[in-house]
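The chains carry the letters A, B, C and D, assigned in the order they are written, with residues numbered from 1 in each.
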Amino acid sequence: MTTDVRSEGPVRIQMADGPGQPPATPELAKLYREFESELLVPLWTEIGDLMPADPRSRAAAHRWRWDRLRDMAGQAGNLVPVGRGGERRAIALANPGLGGRPFATPTLWAAIQYLNPGEDAPVHRHSQHAFRFVIEGEGVWTVVNGDPVSMRRGDFLPQAGWAWHGHHNLSETPMAWIDGLDIPFQYQTDATFFEFGPDEVPTRQAPHRSKSERLWGHAGLRPLTHMAPSPASPLLAYRWENTDRALHDQLALEKDGYPATLEPGHAAVRFTNPTTGSDVLPTIRAEFHRLAPGTASSGSREVGSSVYTVFEGQGRVNVGSAFWDVERGDLFVVPSWQELRLESENGMDLFRFSDTPIFERLDLGRHRAIIEETQA
Amino acid sequence: MTTDVRSEGPVRIQMADGPGQPPATPELAKLYREFESELLVPLWTEIGDLMPADPRSRAAAHRWRWDRLRDMAGQAGNLVPVGRGGERRAIALANPGLGGRPFATPTLWAAIQYLNPGEDAPVHRHSQHAFRFVIEGEGVWTVVNGDPVSMRRGDFLPQAGWAWHGHHNLSETPMAWIDGLDIPFQYQTDATFFEFGPDEVPTRQAPHRSKSERLWGHAGLRPLTHMAPSPASPLLAYRWENTDRALHDQLALEKDGYPATLEPGHAAVRFTNPTTGSDVLPTIRAEFHRLAPGTASSGSREVGSSVYTVFEGQGRVNVGSAFWDVERGDLFVVPSWQELRLESENGMDLFRFSDTPIFERLDLGRHRAIIEETQA
Amino acid sequence: MTTDVRSEGPVRIQMADGPGQPPATPELAKLYREFESELLVPLWTEIGDLMPADPRSRAAAHRWRWDRLRDMAGQAGNLVPVGRGGERRAIALANPGLGGRPFATPTLWAAIQYLNPGEDAPVHRHSQHAFRFVIEGEGVWTVVNGDPVSMRRGDFLPQAGWAWHGHHNLSETPMAWIDGLDIPFQYQTDATFFEFGPDEVPTRQAPHRSKSERLWGHAGLRPLTHMAPSPASPLLAYRWENTDRALHDQLALEKDGYPATLEPGHAAVRFTNPTTGSDVLPTIRAEFHRLAPGTASSGSREVGSSVYTVFEGQGRVNVGSAFWDVERGDLFVVPSWQELRLESENGMDLFRFSDTPIFERLDLGRHRAIIEETQA
Amino acid sequence: MTTDVRSEGPVRIQMADGPGQPPATPELAKLYREFESELLVPLWTEIGDLMPADPRSRAAAHRWRWDRLRDMAGQAGNLVPVGRGGERRAIALANPGLGGRPFATPTLWAAIQYLNPGEDAPVHRHSQHAFRFVIEGEGVWTVVNGDPVSMRRGDFLPQAGWAWHGHHNLSETPMAWIDGLDIPFQYQTDATFFEFGPDEVPTRQAPHRSKSERLWGHAGLRPLTHMAPSPASPLLAYRWENTDRALHDQLALEKDGYPATLEPGHAAVRFTNPTTGSDVLPTIRAEFHRLAPGTASSGSREVGSSVYTVFEGQGRVNVGSAFWDVERGDLFVVPSWQELRLESENGMDLFRFSDTPIFERLDLGRHRAIIEETQA
């Protein structure tokens, strides 16, 4: 390695040795300085980082504890007002590998949001696709394009980009939930639009079922007024009762000898857009997984990153070289192509979201099941 | 019109007069005889029939009375055994314009099927897409690819082409239901395959919910084991309770001022394939319509033919120049491009199926709402 | 077989014996008479015809001789005027199995069209998809939506349904060509619309290349003004020079050891819509096949029917149980699911069109290569 | 703005004032420190940067001069060997806003590559989609999956991800060309795979036309052996002669009064995948634009970033607030949502590539034509 003088501009090229590197001569140093002044960078010094044999994410596998998140959010509830400008009392996971930015993964945002009794999170809209998922509590209604949607434990609430939305807490107690969005993806690729709406949500109605559920919440039945495919799901709430029943049915079918689970003891459903049968949001996949007591998943890797949260139960998680015990509410991140294994002695329910649709839609998806090697 | 000698072969060309017709000379007669012997037919004598300004179906608008169908089916139940060879005790609607063939429309088959207590309709499979719809009664299980599916009033049960299926009646009373298939379409276009299976259905199990419902009957939730789109719906039963609730919700939303119905007082849902969000079968559209009391639909026409059956209530139907009073169980046919109007004083529920997916998938679909003209 | 009294109405049910048939009792006869008066037909008497083990087309394998067609067309050129009402001097192949109708197959129309020097075939449009294919001659321009397109030997000229079109012969000699349309399909399914335009084509311009070719005739290059997919090809002429070169290239690649031909000695291209890469017309597939000298194709069957015409050379054709020697211009029909084999001692070029897209788009397609069985 | 103590870990939260910010109290400072230690970041301090009203790219509009690039590449040709490890003698544009990384835009890589007579760039493959575009020179063959493809001035040569490829220079002179890839996109999203092949290209054959062109280079004609859609174009060379002719035809059609150009005097074609009719590569759009002499384009913006290179002629470019004179070979970058205007007194041809398919496939695309405001 030859030391060289630092350039003034943004580009800085270091000589390297190793296979495929040119001899470190004064002429080369001079050429590199010219490259820098012309805003040029050679491939041969960068290829190892840029084009590895398989994805080497800068993002780290990491776990956040729910009790700490919940506590932080409660403190923010006392110190931080919610209103126009800050828009949301949301606190985001910052992956330790991503430079302190509020990015759970290179593409995904995950945050805890907190709303005190009587508060309004003001109305706005943005190109980012979003969802809410409720670990615990209730009392908040999100109002999406004028339709008030209740939020209760276990509910998954997707929201298409560019839909107007605000929230208000009609209960007597604070409520916290998890927000997922594709903010890092749209930020990195410069696709983001944002617009302010009214400071207060347009209705104080608090129906048990939203209009969207009355119109779309009937399996396999579509209203004739809405037959065009829509990029994101028009169903604004996927209720826990249904998810729970679907997972229960899969495990019961498995007991009956019928192929219904992803692997023995491992039930899983994907939230889908009823107008297309595919992912609920164009850039975000959302799923619910249930491990029956005594189940260990096989290992798998895939292109793209995921965030998991434990909805109920306890278990042990292995991501790449990291191992954690996890329990209700804990969140953890699986970077691209890192191997994931889950196990639980007494059973565990997990909510997962990922950026996989981005890769599948661009024909860049890969998935690999890890076959266990056993010794004789 | 010139009389001419009949040819020996299958082709026979008649001279005509009128716009665009050649002068009826002996030379022309001789040429037409040569055409006949060469198996040739001119366009100019046929164009008026073949290429009308808009569809002029040979099929007629027609209504069949449920009480008569039910009675015929009962008599057949006494006289006609069900078993291998005849395969099904099914009695089909024969449109009076279609030459006595068992074709409700040029593309669709509609029949009443009848099964006595303890009987088995033997297992077979065919390329034709099919469904069952239950006007009244219960007690029969259809077993599709080994999965027993109960049949109850109001249920819609689609079945993809090439699925093995048989039926058996486990109750103490006969049961009748409606079969819909695309037999005429596949027959006319030479696409039909058929294979015999066992003489008896492979299981006597009679569960309340089929495996398919346990796997697929959860709105917006897909099992991770089955993520590829399938041409036809994997959900084998669309239960009346859900359909009824969806229609009820639409009318309630309409009352709340929210756009949910097809037109005022007219709720409608389409049965869809949860893996694609589109029609439940590749060649057959199926829908349920509810007219609130005092509702008259606006007129409309579309390319393709439909069969309707009254599920509940009474009303008045106008198809082209035909007018009928209809009540529970009555079936009627709407030929392509004929105008349809429905009205009901006390409310009416209708099940409809049609061949519209054929035209939509081939970019041949057209639909026209009839705007009422009012005079000052 | 029991004789029974003929009914008055269109339906007539005959008692049958055989497997699955009910005992021929007076009660059954009475029931059948009631069926007839109610416009009902049982499945059990019809199933053998309606639902065979595999497609049994009423259409027959048949060949028409080009010299006879050409001669008939010439005679019609003398006797039959072309103009409004008759619209086209076109003479259609009438399959001997299809009741004397001008249907080459149950779905396809094939005709020879003939235009004298100076004549105009008047402008009209129709929902039927159409193409022209030129066996020999030139001098006619077809004007499609105002764009004049020359027609020369070997050219394939597709035309989307509902495009305005007329033809005129600007040369000093008559010209004949082949028309292909989906008239029988749209007729049988009641999808047909038709509208008259002006009696004369809107332009006498006779450019060598049409506007459509100037805009669309550049492989892989799309004008930015036209990026939406269109159901049918916007390219109005596929010139023989290109087709010939593509076939030549495939055989040359085969010689170079590169997999390019359908089977040894058998080159084949499909005409496609550049906006989608799929079939050139929504209901019609069009292809060109070249057998190198000494080539015998393997046998194959597929769902759907085809019409072939020999463009150049000679050969021997086997369709089901029919065998013909064929030469330039001869046309022959391959009904659904009948086995086809082609061979040629000195080489043969064939143009083919079929209704396969109908079945593929409806998930009804099946294809089977016939593996030769050899004896030891 | 309150100064606060720097945290130890990767996260660092600064207090801010302004709309929606909480009062800067010691309690808040303490909470922020806790956030940092828990790897959490609030939305309210970040939202202005993360969710702007419209895309605010960190990438800058910038132009690189071809003569400088060409000169640098030539120097590298003397000093830098090409071979295994460094893989390619490629020198990438480093956008001044992107931290000195070799990223022309947040998603796109653009480089000049240089090969001396007799040299081989070794075989490898990668998940990144790539293309080559030739400003000047010839003599290099790229061998893609064993198929040698010549490279000549004006040619566009796409190459699907995961195709094996190497290059060799069979001429007596060095050759330089432009490489475009989606390296930054796949790097940022962790989708990248890479594999080494042989050190030398597998063939020294140097045909004028590649096998891919012989198989796929016939407008609208597909080989029957290859009817499945492929994610990227199977045609490995889009030759300048065809592109030139297509652009010429558009301008000639415009003169004839036929709508063919993007706007008056501005012809444009998109390179497309003949198996789908859509973009030539799943993540990269490629186009050629021609401004007739005296043409000024209207302004437009779109989501996503582009790189342009001047192929011929001269002109003036305006991107956002930047203005440049450009000539043959110059490259410039248009960041997302920045307005672009082009004009040329004597005519100018431009090659363009962009990441637009990423956004269109994810339903995130937006485009806006800028309507000129004129003063009275």
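Note that contacts are C-beta pairs under 8 Å (C-beta built on N, C-alpha and C of every residue); 3 or more make two chains touch, one makes a residue touch a chain.
Keep in mind that what you see is a predicted model, and the values were worked out from it rather than measured.
Separating the CA-averaged centres of chain C and chain D is a span of 44 Å. Computed centre separation for the pair chain B/chain D is 52 angstrom, with centres defined by C-alpha atoms.
Chain geometry summary: the mean Cα position of chain B and that of chain C are 28 Å apart. In chain C, no residue touches at least two other chains. If the chains shown are joined wherever they touch, the resulting network closes on itself as one ring, and no chain has more or fewer than two partners.
Under the touch rule stated earlier, the contacting chain pairs are A-B, A-D, B-C, C-D. Of all residues in chain B, only 9-12, 18-22, 25, 27-28, 31, 34-35, 38-44, 46-47, 50-57, 59, 62, 64, 68-69, 72, 75-76, 79-81, 83-96, 99-102, 106-107, 111, 126-128, 161, 183, 185-195, 231-232, 282-283, 303-305, 335-337, 355, 357-359, 361-364, 366 touch chain C in the complex they form. The touching residues of chain C, counted against chain D in their complex, run 211, 214-225, 227, 229, 233, 235, 238, 242-243, 245-246, 249-250, 252-253, 256, 258-262, 268-277, 280, 287.
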